[in-house]
Structure formats: C-alpha cells, structure tokens
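Written below as structure tokens is the structure these notes are about.
Chain IDs A, B, C, D, E and F follow the sequence of writing; residue 1 opens each chain.
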Amino acid sequence: MFYNLIAKIDEKFHFPVVSAHCDIPCKIYDPISAQLAVLTIIRMVDLLDELKAKDTLTLDEQAQFLRLVDQKEKHGLKVKAEVNVIWGDYIKAPQLDAYPELHELVHNIMLATSQAKQHISKAASLKLLTLVNRFAEIFWTTKGVETFVAACPYPPTQPLIYPKLA
Amino acid sequence: MFYNLIAKIDEKFHFPVVSAHCDIPCKIYDPISAQLAVLTIIRMVDLLDELKAKDTLTLDEQAQFLRLVDQKEKHGLKVKAEVNVIWGDYIKAPQLDAYPELHELVHNIMLATSQAKQHISKAASLKLLTLVNRFAEIFWTTKGVETFVAACPYPPTQPLIYPKLA
Amino acid sequence: MFYNLIAKIDEKFHFPVVSAHCDIPCKIYDPISAQLAVLTIIRMVDLLDELKAKDTLTLDEQAQFLRLVDQKEKHGLKVKAEVNVIWGDYIKAPQLDAYPELHELVHNIMLATSQAKQHISKAASLKLLTLVNRFAEIFWTTKGVETFVAACPYPPTQPLIYPKLA
Amino acid sequence: MFYNLIAKIDEKFHFPVVSAHCDIPCKIYDPISAQLAVLTIIRMVDLLDELKAKDTLTLDEQAQFLRLVDQKEKHGLKVKAEVNVIWGDYIKAPQLDAYPELHELVHNIMLATSQAKQHISKAASLKLLTLVNRFAEIFWTTKGVETFVAACPYPPTQPLIYPKLA
Amino acid sequence: MFYNLIAKIDEKFHFPVVSAHCDIPCKIYDPISAQLAVLTIIRMVDLLDELKAKDTLTLDEQAQFLRLVDQKEKHGLKVKAEVNVIWGDYIKAPQLDAYPELHELVHNIMLATSQAKQHISKAASLKLLTLVNRFAEIFWTTKGVETFVAACPYPPTQPLIYPKLA
Amino acid sequence: MFYNLIAKIDEKFHFPVVSAHCDIPCKIYDPISAQLAVLTIIRMVDLLDELKAKDTLTLDEQAQFLRLVDQKEKHGLKVKAEVNVIWGDYIKAPQLDAYPELHELVHNIMLATSQAKQHISKAASLKLLTLVNRFAEIFWTTKGVETFVAACPYPPTQPLIYPKLA
C-alpha cells in the first residue's frame, strides 16, 4: 500500500522513490551462549554424581535430582538452538568452502547433545564440550579473529575457546 | 544412590540387579509439522499481497499487516525448529550414507527460511516448500514408506509430499 | 493517524479512500497436530510401562522416567492447545448446527487429556485418541473432505482419521 | 519398578503396600487472571485510539503502535488460555448441570477474543469483558462464593465481578 | 522515513507536524498474579507432604511427585517475574522515597523464592507469602488504595492483602 | 516416602541413614548474556536509524522495521531477565556489603531498559550499556576476577567489560 501511495504521489510530485536492498537484522553471533550451556550440563552432571554417591536421599534431595535432570535437559536444548542459529543464519558458502567439516561437525554436535541429555555421563558432556569448542574456534577464525584457550572462571573449571580481543 | 541401595539389599537378599540400555524417548517424527509451517508462510504472503494491492490501509488493516508479518516470522522459526529436530535427532549414519545430500539440503532449508522471513516474497516461500517437500520425501523413504504428491486440502492449495498409508 | 492523513490528502487531491473488511489471517487448521500429540502420549506410556516392568532402575533409567513423564505432560498440554485453536477459531454456528455434539466433545477431550496427564495409563490415552479422532472426523466433514482410517506409519501403530486427498 | 521392588520386599517382610487414589495437583483457579488480560486489551485500545487521533506519527510513535498491537494480541491469547484452563480443568458435570450455558459462553468468549485481537475496537473489547465477567460470576457461584461488582482500581476503570471475601 | 516524508510534504503543503511525547503502554499492574503464584507453591507443598506421609508410592504417585515439584518450580519463577515487573516497570523515585525498604524487600523476595523452590518446606513458602503480601500492601498504598486482609477463597486458605474496592 | 521406607528398613537392618544439606544447582552466572542482549539493542537501533534516513520504504522495508522493533523489544526483556537472575540468585549479603550501590544499580538497569524499549534512541541504549558494564564489573570483582575493557569483536563495536582469564 505504502509503495503504491508513494508511487501515486511520485507521479504527481516527483519525490524520489528509493528502493533499497533490505539488510538482515544483525543478531550478534557469539558461540559463548552455546559454550555456557555445555558448561551448565557438565555442572549438572557433577552435582548429580554427588547425589549418586549417597546411600539414601531425603525427599528434598529427590526433588533436587529432578531439578538437576530438568536443567540438564533444558540446557541440552539450548546448546542445539544456539549452534543452529549460527550454522543456519551465519554460515554460508565462503565458510563452508574454508571449512568443509562444518556440516558434519554441527550434526555431530546434535547427536552428542542428545547423548548428554539422555545419560548422566561426564564423558558424554565433556565430548560435547570438545565439539562445541571446535565449532567456536572455526567461527572465530571465519571472522578473522584469533583464539586462545583458557579455563572458564567458574566451576566446572573447563577449557574454553575464547576470542583474542583487541 | 538407588543403585547403591539396591546393591546393598542385593548383597543381603539377592534380588536380581538388572541393568539395561536406556531407550531414547521416541518423539513421533513427522515432517508434516514443518510442511504445515511452510504452508502458513505462503498463506501469510498471499494475504500480505492482498494488502499490498490496496491504495490505502485503515488502521485495522495496518494492524493486520503487523499480525501477518509476525505470523510469517514465527512460522519461519517453526520450520527451522521442526526440520532440525528430525535432522538432529533421527538422521544418523545409515540415512546419511543413503542420502549424502542431506546435510546440504537441511542447511539450504535454513537459508531459504531466512529468505522467506526477511522478504514478503511468494517465490521465496515456494522455493522453501520445494526444499521441505524434498526433505519429507527422503525422510519417508528412509522409513521404508512410499510417498505420493497431492494438493493440500486447504488454501494455499499447494502440492505436498505425503506418506502412502497402508 | 494514517487514515486521517489520507483523509486530508484526499480532501485536497481526491485519492480514493478504500475501506475494506479485514480478513482473518488464515492459520492453516489441521487436526494432525493434535493427533500427533496424542500418539506421543501413547508412546510415552508404552516406554514408561517398559520401565515399570523392571525390578530395579539405574540412575540413568530414573532420569529417563522423569523425561518420559515430562514429555507426556507437555504433549497433553499440546493436545489441549491444538484442539482449542480449531474449536475457538474455526468452529462457528454452521458447524455447531451440523454437529451439536461439538462443545461436549471438545470439553470431554479436555477432561480426557487431564486423565492422560495425571496417570500412566494406556487405557486413558487410547480413550483420548478415540475422542480426538472423532473431532478430526467432524472437522474434515465440515470442510467437505472425506476421511478414512489407517494405522499411522510409526510406533505406536494406532488408527488415525486421515483426510482423503484429491 | 518401585512397586515391584516393594511387592517383593512385602512378600518377604510384610510391609503394608498402600495404594491410594492420586489427587489432582490443585492449581489455584481464579478468573482474575483472565479479567486482567481483558482489561489490558481495553487499555491497549484506548492508547491506540490516542495514536489514531494524531495527524502524524514520529518514528517512535509508529514503534509504539507496533508494541500496542502486539500486547493486545498477546493478551488476547492469554484470555483464551486462562478461560480454557478453568473450563477444561475445573468445570465438570455438576457445574454444567447447574449452568447449561457454560459451553456456549466459553465458545463465545473464544470468538469475542478473536474479534478483539483482529480489530482495534473499544466495542469488541468491552463485549469481551461482559462475557468474561459473566464467566467469573458463574465460577464463583459454583464455588459457593457470593460476588459483587466494582470498578477495578486502575485504568481502564471498568466494572469487574469480584468474589465477596469473608 | 515517515517523518522525513511528512516533513517534505509539510514543506510543500503545510500540514501540521505534531510531535508528541510517547506514552508507556500501560500494562495493568496488580500484585494478585504474584500472590496467586505463592499460593500455588504452598498448595504444592501441602500435596507433596501428603505423598511424604505414605510408606510406598505407586508409579502414578511417583509421577505425581514429579509433577508437583515441577509446578512448584514454575510458580517460583512466576513469583519472581511478576514482582520484578512491578518493581522494574512501575516503582520509581516517588515510591522509593516513600518506602526506602523496597529494594531490600524485593531482593529478599528473590532469595525467599529460591528457598521455596529448592526445598519442600511449608515454612519457606509461608515466609515468602509474608514478604509478597508486604510488597502488595506497599504497592496499593503507593496507588492511594486502602487494603485489608482476608483469607483467600480456596485452598490453601491463607491470608492475602487485598485492595479495598470502591 | 523414600525416607520413611529407608527408616523402616533401617530399624530392621541398620543401614546408615545419611541426611545431607542439599546444594543449590549451580547455574553458571556470566554477565556476558546480558551484555550481548544490550549490544543487540544497539545494533537494532543502528539498523532502524538506517531505515529512518530513507525517504520512502518498500513493503519489505516496512516489514523489516517491524522485525527490528520486535527484536529490540525482545532483547530488552532479555537484559532484564539476565540481570535479575544474577541479582536475585547470586547477589547476597557479602556482595551487598562490599557494593551498597547494587540494588540501585540494578533498579536503574530496569528503568534504562524500559527507556531503550520504548524509544528508538542510540543514547538510551548506550546509557544502558554503561550501566550493564558497571554491573558486570562489580560481578567479576565479587568473584575475585580482574576485568579489562575491550571493544567487542563484532558490530556494534562497543566497549565491554571482560574478565581477565588465567
């Protein structure tokens, strides 16, 4: 409607009708959100293992068990969603040419997240972290940003890929 | 905890301790949910084009414009989510071996959905339908189910891939 | 505002002011979404019954128990929501005149879904399926579309009402 | 599993196995949530009408228009959801026998909410309030609680049905 | 864009360009939503205590345990969200001057809600109710509305702060 | 139930009943999530200003306007939610004693976010960033982690407070 109205006005009053290519709203892409979600899964597993070590659980502790499993599940969904946003919105032909491993890596992240959701397993969640860190490393490199590894500044104290900030 | 308790009881009373492989909760996978979301996008574009054809819009019609754009956006997100669930949860090595096109097809669905979200374009949404129909076709074939094409029984009357039901 | 502006311009320049009846954004109505949600409930009950048959559960299996109950709950909410959308948005006087049973049927679906949510019961979920299938049958008939019954092409292999596609 | 384990222990050690009827988790039902949602719709319409009265809108005001339409939409969905919870979870045969108008009233609330969502209309939203107030009145009466009418203590200053508190 | 277009038209045709202060969309603030959420937490604890009193739980009752803990959790999040909306959107300098206790009270509500979420404790949830009632009392007083205390008209029959309606 | 059962078994068989203090599930707290949300708001404002500079908007560009305003709104809600989680879950007496400014700072973040939501204003969003950066700085200091300032590695290239990683 607006275009037609403007066109009509234009016919009469010669306002310039500028049509322009519409830019993609730039959501800020940063793999830290996916990395934080994996760290939370690892943390939940550590707390679940503490409960596992007890002979008996009070009712509060059983409720705690539920809450930890539920948080692990939710953060698994978050890992998948965050990685899919970067892969589905940002990764295009240039990045795929530079890193042909990308589709398979992302798919493996999906499978590894399912494993981490379905099992209370430190190994499964650490494997997921390795894959997500690799994805982060590729992401930053495609952006021309160098990376380094450091332990994250909170439990679980695990190595993360970080961008080298200017 | 439960395992330890059972182990202790077992020591004393010899109940069988059965450990079993935990099955994946089977969410029912069906590409129809993704296909319905694409049809909704197409329908929204058709209604937006009707508004586009008017010289002027009343305030109600401008609110309608908003609501249509918002629904188009939401259903775009739904297409991505539904396809990602099948690709990330169900598609594994056997399906990838049989259909090496899968990763690229799914990635192209992501890109095509972004296009359909960012533009009011019948062409973009029809292209998305083509890709999602191809994905549905592969899905059913990996399940050993034959498919056929038929027009969906509501506007927009577009061709969909359907499973041949026994 | 826009209308006033257009009215002012119109006074001066006689552009036609067209007011038109605003169309309902057509969400595509299809009972398959509700039917899929019921099938998922049935599937969850089957998997829960498998766990019920074990003497003991490992910690992973207890977490599995949680996840199955949670999915059953979520899909119960989805059944209610999907049926309510069709009943609340689409069903009007003509359909009610043709099928006076509709209000009571939909209300019974709500009650049956509550039962299926609150109990791990194959019977309760199968009863829900019967009601939702009846709702689907009425829906298609009001649309002038013939229906037929077929087993859905995945576990749980249950009969569903499907539209006969041209 | 737990039942079987207990049964086995019971066989040996004769602990009482108590099976009990599982109570419905009592969500607190109160129609005030639905009533608040209708009041918000009315408030949004009033603010939209203020914008409608202007000759021109700054860009901030156009964004405001969007935000008001979006809130009106969201609160329409909330009205439907809140009424459906009470109708679908709480209303049963005794209430239906006492108030045979209930199914039709609830369905009319669904239709009236759709109207209020699709149009910027004070009349449509006031009509919705009348229906929701009637629903609230029936609800409280089925609970054996007397009601009274009072203006709500904030804009829009509209009459609401309130329960007479002891 | 619209402003520029209007400015251009204005230059030529002298329509008044009115710029106005944009009003805050008035969401209706009412502490009853937070109060209802606390009552639900208390109700969940009462039902959980009933389960706690049993020697054994059937599988349905264990699922019930899960659903009650989950609802308690969700309503804890709702208490926080509802209180934060009023505190973050409505409370400003005048109210803070009149009630310097407000920031600390709201922060204590956050801490008390965490306690109520993490434990199955009647005491913790009643303490939360006391704090939320105080918040409601302050809210109404800042609005110039008198309050009174009455038992809410459903289980759990707890005292709530209510506004005195004209 | 489990506790009672264990107690009964204990009476007979003297298994140790261990009751332990239940730990808080450690969600990983990191202000980066709030900081990312503010950056997105700033980015949306920049893109909205680009549209503002055009004389006319095509229909696609008007839809773009909607999508940008909607994203700005959503990320405003995210800023509030993320800051409230850290303030409501993590900040306790020791941190409040060390930083008495905290309650007022958090409340000002709420007010500043409302401003950034209600206006398309670079100034309002930059002010919000200053406040959120200050909150991040305090957070890291309470954790015993040094901070530094660097430009974030993507548009909008704004200074962020970062933790000095070992």
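What we mean here is this: a contact is a pair of C-beta atoms (placed from the backbone, for glycine too) under 8 Å apart; a residue touches a chain by one contact, two chains touch by 3 or more.
Quick caveat, the model's predicted, so the values are computed rather than measured.
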Label-sorted list of chains bordering both subunit A and subunit E is C, F
Could you quickly compare E-F and B-F and let me know which has more C-beta contacts? E-F
Sharing more than half its contact pairs with C-D, counted by residue number, which one of C-E, E-F or A-E qualifies? E-F
Angle of the C-alpha superposing rotation, subunit D to subunit F, to the nearest 5 degrees: 120
Hey, how far is the Cα centre of subunit B from the one of subunit D, in Å? 31
Could you give the separation in Å between the centres of subunit A and subunit F, each centre being the mean of its C-alpha atoms? 16
Going by the touch rule set out above, which residues of subunit F reach two or more other chains? 1, 3, 5-6, 8, 15, 22, 52, 54-57, 59-62, 64, 66-67, 70, 118-119
Chain contact topology under the given definition, line, ring, star, complete or other? other
Write out all the pairs of touching chains, ordered by chain label. A-B, A-C, A-E, A-F, B-C, B-D, B-F, C-D, C-E, D-E, D-F, E-F
Quick check on the complex: what are the subunit F residues that touch subunit B? 6, 13, 15, 59-60, 62-64, 66-67, 70
Applying the document's contact rule, which stretches of subunit E touch subunit A when the two form their complex? 5, 8, 12, 48, 52, 65-66, 69-70, 73, 117-121
In the complex formed with subunit F, which residues of subunit E make contact? 1, 3-5, 8, 22, 24, 51-57, 61, 80, 84, 87-89, 91-92, 96, 103-104, 107, 110-111, 113-114, 118-119
Which subunit C residues qualify as touching subunit B in the complex? 1-3, 6, 15-20, 22-23, 25-30, 32-33, 36, 39-40, 43-44, 47, 50, 54-62, 64, 67-68, 71, 140, 143, 145, 150-155, 162-163, 165-166
